[in-house]
Structure formats: C-alpha cells, structure tokens
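To keep things simple, chains are lettered A, B, C and D as they appear, and every chain counts its residues starting from 1.
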Amino acid sequence: MGIPGDKLIKMYRKMILIRNFEDRVHRLFLSGEMPGTIHLYQGQEAVAVGVCANLRKEDVITSTHRPHGHAIAKGVPVKSIMAELFAKTTGCCKGKGGSMHMGDIEVGMVPAIAIVGGGIPVATGMALAFKMKRLDRVAVSFFGDGASNEGAFHEAINMGSIWDLPLIYVCENNLYGASTHVSKVMKLKDIAERASSYGIPGIVVDGNDVISVYKAAKEAIERARKGEGPTLIECKTYRRGGHSRSDPGQYRDKKEEGIWLAKDPISRMHKNLIKMGILTEEKGKGIENEVKARIDEAIEFAQKSPSPKPEDVFKDVFA
Amino acid sequence: MRRLTVAEALREAIREEMRRDSTVFCIGEDIGIKGGWGGAFTVSLGLSEEFGHLRILDTPISELGIAGVAVGAALMGMRPIADVEYGDFIFLAMDQLINNAAKLRYMSAGKLKVPMVMRIPVGASGRGAQHAQSVESYFIHVPGLKVVCPSNAYDAKGLLKTAIRDDNPVMFFEHKLLYGAKGRRENVDARAEVPQEEYLIPFGVADIKRRGSHVTIIATLRMVYTVVSAAEKLKDEGISVEIIDPRTLIPLDKDTILKSVRKTNHAVIVHEDNLTGGWGAEMAAFISSEAFDYLDAPLKRVCAPDTPVPFAPVMENYWVPGEADVIRAVREVMGG
Amino acid sequence: MGIPGDKLIKMYRKMILIRNFEDRVHRLFLSGEMPGTIHLYQGQEAVAVGVCANLRKEDVITSTHRPHGHAIAKGVPVKSIMAELFAKTTGCCKGKGGSMHMGDIEVGMVPAIAIVGGGIPVATGMALAFKMKRLDRVAVSFFGDGASNEGAFHEAINMGSIWDLPLIYVCENNLYGASTHVSKVMKLKDIAERASSYGIPGIVVDGNDVISVYKAAKEAIERARKGEGPTLIECKTYRRGGHSRSDPGQYRDKKEEGIWLAKDPISRMHKNLIKMGILTEEKGKGIENEVKARIDEAIEFAQKSPSPKPEDVFKDVFA
Amino acid sequence: MRRLTVAEALREAIREEMRRDSTVFCIGEDIGIKGGWGGAFTVSLGLSEEFGHLRILDTPISELGIAGVAVGAALMGMRPIADVEYGDFIFLAMDQLINNAAKLRYMSAGKLKVPMVMRIPVGASGRGAQHAQSVESYFIHVPGLKVVCPSNAYDAKGLLKTAIRDDNPVMFFEHKLLYGAKGRRENVDARAEVPQEEYLIPFGVADIKRRGSHVTIIATLRMVYTVVSAAEKLKDEGISVEIIDPRTLIPLDKDTILKSVRKTNHAVIVHEDNLTGGWGAEMAAFISSEAFDYLDAPLKRVCAPDTPVPFAPVMENYWVPGEADVIRAVREVMGG
C-alpha cells in the first residue's frame, strides 16, 4: 500500500501525542487547575491524524467543540494549545478562545466552532475562496454524527457539491451526539449514504485504523485538488471517555463500550507497526517518553505564561 | 419549607404541569436519555421515567427543527416545552420563532394559537464566546412573544407553570449559574423556599427585592444577586437602594418601575448582556420618557461591554458586570 | 385502478376551479385592482388536487408562497380566498394574511408560510401532535424543489422519519426556484433520492397526471395512517407562467417550456376523462361555466366586502 | 450630474469594486441568472455578463449556507457581498452571522478578519408579515458587526463601497421602496445625483438633512422622507426641524446627534421598525443620558406598533409611521 515507514511513525507519534496530551489535560481539569470545560478526543485520534497527514500547512480545517486532536494533528504547537487551555496570553487565541475555540490560522486551523455543524459552511466557503483564487489548497471540515442532522450540514454540502469545491467533509461517527445514540436520531446505517443527496461520493472507513483513514482521505483530497469536488468520509469510531469533562457516560451500553475500547486505534497501530517491523517496543517507549517530555514542557510553559489583562477584553472586536 | 434549586423547581413545575395536562410535553436534545443528564442542566432528569420517551422527547441536534416542530405541535393543541442546550444556539431557531411562532396567530387573524415554551439557558460561565451569550434582548423586539427571566427557584417554578399554561409562545430564559447544579464553584445560590402547594406567578408583575428610597435598580437573572450585594455595601455609605426584578420583560410591569423611579428619582439598569441595543436600552428609553420630570440625574446602564464573551476567567469576570460596577454607577447617579 | 368516476370528475372540477380562479386573479392583479403580489399555481394543479383528494377535513396541510392551489384543493372557500386577496375582512385571514399567507385552519390549512422550507418543520410538528394524541389524522407539507435545499427540509424530514410520524412530504419539482434552474443548485436527477438520507421511501411521480399523484399520495397516506411513517413524494411538474406577478420567465428555455406546456395537467385529464367515457365536451363546458360563475360570485362578494379598519392592526397579536 | 436610483447606485458600487479588486464577489439567490432579475431588486442585473457566474454566484435557497460560505470565503481573503432576498429571511442565517462572522476575529484574538457585506432588504411593501420586517435593530446588538442604512442613491453607493473595503462584517440594510425599481406606485423617490468620480462615505458620519433649531429628528431609510415632508408642514406652524440621518447605526455619529440635541433641546426618533427594543430605544437611552441637562421635554419615538406587519394596505399604511404621526409627536415634544 506504500505508505513510507517514517510517515507511519510520524502518524503514530501524533496519535501518541494527542492521547498523552489529553491524559494530562484531563487530570489538570479534574484537579481544578484548568478553567472552563473540555471535550476529549481520546479514541478518535486516528481520524484527525490520518486525515491531516495528507494536508499541507496552507490547507485549512474547521473543527468542533472537541478540537484538541484536530489542533495537534494540523500542527498547532502543543505549547500554544496548552497555554490556551490555561487561558494565557501565549495561547493560540491569547486566552480569548479556550478549549472549544482552539485553532491557529497560521497553521491552517480556524478557531474551532463549537456550534454543532457550524463549521461545515465555513469550510465550504474557504474551499470556495481557493477555487476562486485558483489556489492549490483544500479545506477539510471535521464534524460529528450529531452534526449531520443539522441544517448546516445539508445546505453546505449541497453547495460544496454543486460548485465542485476542493473540500473534504469528515464525519466522525462516534455513535453518540452527547448522550444520544445515533440510532435514536437517524434511520440510517451509514451517514455516508447522505452523500447521495448531493451527488458526491460517500465513503465509510474504519475510523480506528489510521491507515484506512489516511488512504481514504488521500484519495478524496486528490480528487478535490483535481477539481472533482468534495467527498463525504464517514469514519466509524468511538470516544474512550465521556462526552465532556465530568461525564461518566452511563448512557452507553457496557458491551458496546467493551467492543469499541478493544479496538483502540493506538494499540492497533502499535501492533501493526511492530508486525510490519517499523516499530520496536523500545522505539515505542522512546516516542512515548519524548512526547511526555514535550507535554511537560508545554505545561510548564503554560503555567509560567502571563494571564491576559482584564482590559484585553476590548481588543480584537473590530479589525 | 423546602429549599429547592432552580433546576429542581423547574423540574417540579414541568412534572406538575405534565401530570395535570396530557398535552404538555418536553422536546429537546439529551433531555430524556436513560443514564443521561436530563438536558444540559439536569432540569428534566428523571422525567422520562415517569412520562415515557414520547412525552420527554429526545431529538436530533436540529434546533430549527425543534422549534418548528414545537410550533406545529402547538398549533394542533399540544403544549410543547422545547429547549436549546445553550442560548447561543437559539440563533439557529430564530426563523421558526420569529416568522412562525410569533406571527401565525396574527396571520390567521386570531384563528390559531401557539402555546409553546422555549427554554433558553443564558449567561457567561467560562466556556467562551459561543456558550455564553445572554440573548433575551433579541426577543423583546418580537411582537407576539413573551419574555420571562426568573432569578430564583420560587419565581422559576411559578413563572414556568404560568408559561406552560399561556396560550402564546413564551421565551423562558434561565441563567446557567443559577441552576444550582452541584459542584460548580461559580454557582450563585438561587435556591428559595418553594411551597408544597401549587402556585402560579402572573406575568407582568415585578418583584421588589428590596425597598429603598434613593435609587431604583432594575436587574434580572444573575444580576439580581450582584445588585443585592452592592446594595448592602451602599447602605453603609448611606445610600438606600430599591431593587426591582421585573421577572417578565414582556409583558413589563411598567407601573411598579415608574412608581419606584418617581419615588427615588434615580435609576440604574443592570444586565449581563452587551450594552448597545440590550433590553436596558428599552428600559432606559421608557423610564426617561415616562418619568422625565422625576429623574434628578441621567439614568445609568451597567451592562457588559460591547464585545463577545472572552474565555479567560480573568477577562470574563471583568466582562460580566460586577458589584463594583454597580456601586460606581449608583454613586455617579447620586452625584457622588 | 379503481378510482370512481365521480371522484375523478370532482378532481377535474377542482383543477378547473384553480385554473380559472387564477386566470381571473392574474388579470385583477395586472389591472391594479388587487394589492400585494401573487405567485400563480397554474400548471401544478394536479399535485394539490391529487394529494388533497385523499385528505379528510381534519387532516392538515402546510403551504408556501404559492398557495392558491393548495387552498382551493384543501377546501378553503373560494369566496374567502378571493376576499383575502382583496384584503377584506371576509377573507380567510381577515386581510391580515394576503396571498402568501392564505389558509384556514377550519378546513385544515395553516396560513401559508412564505419562508421557503419553513412549513416543513411545522407540518412535522402537527403530525407529532396527532401521534401523541393518537388521532387518526395526517399532515401534508407542500414545498418546492428550491425548498429541498433548505436546512429546514433536512432537519424536519429526519425528525418525521425517526418518529414514524403520520406525514407526507410533497415536493413539487417545477424545475425552478424563482429564476434558478434546479440543475444549477443540486447534483441530483430526482429529489426523491434525498429520502434515502432519512431511511424513508422516496417516490417520483408525474406531477402533471392527477391520477398518478392521487395514487401515490393514497398509498403514502395509508402508510402514514398505519403508523409506518412519512413518505417523500416528488411530483415532476412545471409552472405555466412566471415566478410571480409580472415575471416573464425569460430565464426559461423555450424548448423546455414548449415540452412542458404541452403536458398541461388539465387538458390531459380532460382527454383522459373523455377517453374513459366519464366526461363529454358538453359536461366539460358545464363544469367550466359553473366554476366561472362561482368565481364571479366570489369576486363580487370580495369587492363588496368591507375593508379592515386601520386599528385592526392591534388585534390578534396575543391570545 | 447623473441622477441614479438606489438600485443603480448599488450596482455601480459593486461593479466598481469588483473591477478594482478581484477578491470581491457576489453570492446570493437569483442574482446572476441569465434572463433573470439580478436579485430580488435588480441590484446585480447585468453583472454576471461582465464578471461571469463564478463571481456573481447563484446559490441554492440556503440562507444559513450563504452566510456561512461568505464567512469562510472572507476568512481566506475574499470579500463576499452576500444577500438575502428579503430581510425576513435573515433569521435563517443568524447563527453564522452572530456566532461566526461577528466572533471569529475575537475568538482568534485578532488573527482573523471577516471582510464581508451582507445586503438585507427591509421594510413593508404590501407583502404580508413574512416579507416586511425591518430587522436592523437585532444587529446593533451584536458586537463585531457594523450596521449601515442608506436612505438615498448617493449614500447607498458611497457607503456600499466603504462596506466592501471594510475588514469587518457589515450588515447593509436597503429599503425596498427606495430602490426605485420601475413601475411600483408605492416607491419613494430616493434617486440622487451621483458623481462620475469615485467617492466613499466613511462610516460613523451622520448626514444633517435639514438644519433647524427647535427639534432634532433622527430617522433612517424610508423614514427620512416621511420626516422631511413632515418638517415642511411643521415649518408652516413655525416649528424649525433639524433632521439627522445617521446613515450608519454602528458605528454611530454620537457627536453630531448630541450637538444637535443640545442645540434644539428636543428630540424625536423615527423608525419603521416595531417600537419595543428597536434601535430607537438605544438612541433614546443614549440621548437621554448624554444630553440629560439639555432636553426640555421627554423625547419621543415614532415607530411601528408592536405587532407583526399586516397585509391589507389600509392596515399596513396605518402600521408604518406616517407624516401625521411625526407631526403629532413633534407637537407633543414641543409642548403643543
């Protein structure tokens, strides 16, 4: 299938980074050291990483209330993500955004839009700009299963389709919108089927297998770059934890949980890489340690960074 | 008597009304899921056990759809209590609320009615710009809608029951930090004694939270608490504050407000919403006109600045009008 | 196929009534005798009539900016429609509604909602009420091809589907949303395909053949009454005239126009009925004369009716 | 000089800016169709011939999508001019405008900008409740948005050009009866002399339509004409009216307004929108505070009543504030 080994390792490292980053963030939150709220991406790492591994810096993404994984995968510096979570001026939004608006346009990520579905039209508009300016850039919109029931999904994908925009719609179907199981709110097996409403390809991939995600995204992005229009990619996945900060997720069926947690994208990739001879246990440990050091550094950086001044409230309303 | 939190009081109001009238039902996201949270702020917790999943109806994430479906159900004699999880999402539902809920009665020349309640949590609570807005002000401008803003558990229950029985669309605003959900440090204690016996609170009747003679302060929701504690401090300076919580913005208890201002000759309006074009503007315009000869000094509005809501607590705290802001405004109005 | 002859004649008469009613209305408008604006239904009569022939008085419909046909088909008295167009107190909305808000709940028609797509969630909510109250009633939402690109379409049909509501979504695909050809704004041959996004049946019918419409609606309504959920019926049709009052429709291809005008639903039904031996030319003339007399009467009624008082403005805001 | 209609002036502004800057484009329903109308009010007629169908981009009927796509395109350096066919449909797009267009710059701490124009036709014109609303007031309450309301062709052109070049989202309100489309009896003549040479009108600079000494009237859009003719009549009664058209509500030319009111000591605010919570409330609140010592009488608002817009012309005419209403208010303010 021809993904070079170093590319695979890079993806693996990113997944490890996201996982460990959020482990720490979760603990910092629970201990009251971080303000606000968080929605963890753990369990879905293969999606952000597999998709973004195909993107260039100048390509852009929109994200959601659950943006840490997308931010790390798209290359927002971990320090500035951490500082933003700590509400510091060194954060990527200088403390104005917080967890739910994480992003940095300098690496191609619009501040995450926490209105479910709200990023889909925005990504579509960015892709329109690329087409109008004849730039070789693509836009990717990440959103959830729940978001696919919003009108924004319908209107935007239709527009992306009729104008053949350079654009990928990535639906991360983690089976739940907050506490609500997907089967309660749509009569469909695959959300990808909705693509047929817009005459674009709809593809289902195993969202816990970073290689499958990578390949599907690669193909879709190539189509997009060639001017052949958008693709809807549905990634079947699962979040490891609750919906947000303190949610124990009691609405989830234990059996379902067991099945899915066993499909963890990181241990799978780990096993795969070892089988492929690309990774050794030792090298794996090395990556983990390196990643953890980076996170420690980020935490220290964030904690030492200055808080905004109250009067900063008045800045940045108008250009 | 029992002290209930706002969430408990709202839940009780819904439960009582649902028992009383089989046409009352709840519709919204994550409101009735087994093992779930009873909506974003626990208000409907446990209700699906009693009333089943058709009357506590979980929806897709589709705010426009929820509002529109509520309108349709109301037209056919049901009494939906719809909700959005955060007030910021109401902008997705504006068309159904403004173009349909508020106008269908008028367009039909009175043949139809739209008895629905839209529950809308508002207020900043550390979540950033898209989960923080106070959106009441948009709705006072829509003829055909009523606007309710309870500041404590007692009012919440009595007003919600009235809202459910009202034959018109009622926008019911609840402040996130007043619910009394457990374990949130920032929470304000909005619990109140709530009688076992049934009671309703009529719309258009303000509550005078504190009697005073020097200045009238009008505030709603969370700001009532800010004003109450400011008034305590101002008392030490010899300034006697009268505090009015209008409780409903539409209809508005103009009499009580005017009577107070004509007595104190000074007025301050406090809301958590942005200043420009907030409901404080209407209040100020109305008082300035109707109590023109009684005002000894220009009235003041203490409001959030005209910016989105920032995430960092240090900024958000500054953004939300505080006790010190109220005290400063009162001193200025009193010519201090 | 078993539709009794008198039922067919009744449908034919309704179609003739709509056609003639709007001929007159059009002239009254152009001559400045009527206020406001109008959107004529001419050419689409078979849809409203074929669907509504299956409905009972207590069943309800929502309509659009183009509601005269639906109103007549659902049984709103012609006099009160005419009076409403003349902005008189005897109109079905006492002059408060006008052409775009025609309707009378007493015969099961909500005042037409002129926000494109806006009636779809409302109809869905009405059907929900019927289900909750266990009533044997159905709701029908009429809307256009253009409306199917609105978020309201997506959100509402999804809800109708998951709750198996007694409901029919009737999409009148007349090839244009205002001046915009359907092929410019969606990459789909049949809008009915969109039903698959919601796991409900999507059916294409010849919207210029009242019998086909009748049958498709009948089946869908039976399903709905049995609690089997909604159906999306796409009726392929064409408007004879412009989009609104004074539109010459120059954006339409002449050839396309020619083909479609030749498929006029009324002359087709006329021919059919004669072939079936149910109608004679003479009987046809009789119907036409009778219908015209009714319209004359309605105009006279409307013209003689009193105008509202200015102060009526203040009535009916709140219940 | 040439006299242009508002529609012509807007079209010229768009054409000039599109020639000047290749990032400017139009996006909306029915705006560029061959044989079509150039949008609901002819503004973009003929532009697709010059600029092609990508830069005069016809959309599906998807207002939320249009606004969101415009936001996205603006983020990537385009300058979209989006429109809705009637202002009443803007409620479908509120989420993208309020939660994204107005906030993305703030959320990004200034790293992003959203240079887009949203064109929004407003005003009652005989079409019933859902094609008649004046919706400016909702937007003055949204920090991050600018609000523009031109009353004639000259202003329309100069302000639209400024709006297109502005780096912020600008809500641009146009009154349906001022476009000057041919053959509409009800139309008001809003044509004006428009120079061949390029000009821009800065935001935040009010236009004093008429100098006077007894009373200041503030009005926008169609109401400017109503007020002008009322002022003529009032002159005969010896009342000298100063008329201010703020032209932009955000930013607002507070200086000009205050200077005038401090001179005339009387103020009347006129808008076609419903009274309660309209922009007149903010204007009244602001003047009452800032010119408190100068007002000889309570100011008056002349606005539409708090009802939806009725269809029947006899009711709609009554609903829209008229010359007689303005005259009555002025007399009252002047103590007549």
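One rule holds for everything that comes next: a contact is a pair of C-beta atoms (placed from the backbone, for glycine too) under 8 Å apart; a residue touches a chain by one contact, two chains touch by 3 or more.
Keep in mind that what you see is a predicted model, and the values were worked out from it rather than measured.
Student: Taking each chain's centre as the mean of its CA atoms, which one is most distant from subunit D?
Tutor: Of all chains, A has its centre farthest from that of subunit D.
Student: Approximately how many whole Å separate the CA-defined centres of subunit B and subunit D?
Tutor: The mean C-alpha positions of subunit B and subunit D differ by 31 Å.
Student: Please compute the C-alpha centroid of subunit C, do the same for subunit D, then give the distance between them in whole Å.
Tutor: 36
Student: Give, as an integer number of Å, the spacing between the C-alpha centres of subunit C and subunit A.
Tutor: For subunit A versus subunit C, the centre distance works out to 45 Å.
Student: Round to the nearest whole Å and give the separation of the Cα centres of subunit A and subunit D.
Tutor: 41
Student: Which residues does subunit C have that touch at least 2 chains other than itself?
Tutor: Where subunit C meets two or more other chains at a single residue, that happens at 93, 95-97, 101, 113, 115, 149-152, 155, 158, 162, 184-186, 317.
Student: Could you list the positions in subunit D whose residues touch two or more of the other chains?
Tutor: 59-60, 62, 64-65, 88-89, 92, 95, 99, 106-107, 128-130, 143-144, 305-308, 310
Student: Considering only which chains touch which, label the overall pattern as line, ring, star, complete or other.
Tutor: complete
Student: Touching subunit A in the complex: which residues of subunit D?
Tutor: My answer: residues 23, 25, 54-55, 57, 59-60, 62, 64-65, 67-78, 80, 95-96, 99-100, 104-113, 115, 143-144, 146, 167-168.
Student: Could you list, by residue number, the parts of subunit A that touch subunit D in their complex?
Tutor: 60, 93-97, 101, 103-106, 110-111, 113, 115, 118, 120-133, 139, 151-152, 155-156, 158-159, 162-163, 315-319
Student: Quick one: which bits of subunit D touch subunit C in the complex? Just the residue numbers, please.
Tutor: Per the touch definition, subunit D meets subunit C at residues 29-30, 33-37, 58-65, 88-89, 92, 126-131, 305-308, 310-315, 317-319.
Student: For the complex, which residues does subunit C have touching subunit D?
Tutor: Contact set of subunit C toward subunit D: 35-37, 87-88, 93, 95-101, 113-117, 146-147, 149-151, 177-180, 184-186, 247, 249-252, 307-314, 317.
Student: Within their complex, state which residues of subunit D touch subunit B.
Tutor: 64, 88-89, 91-92, 94-95, 97-99, 102-103, 106-107, 128-130, 137-138, 140-141, 143-144, 250, 273-274, 276-282, 284-285, 288-290, 292, 295, 297-301, 305-308, 310
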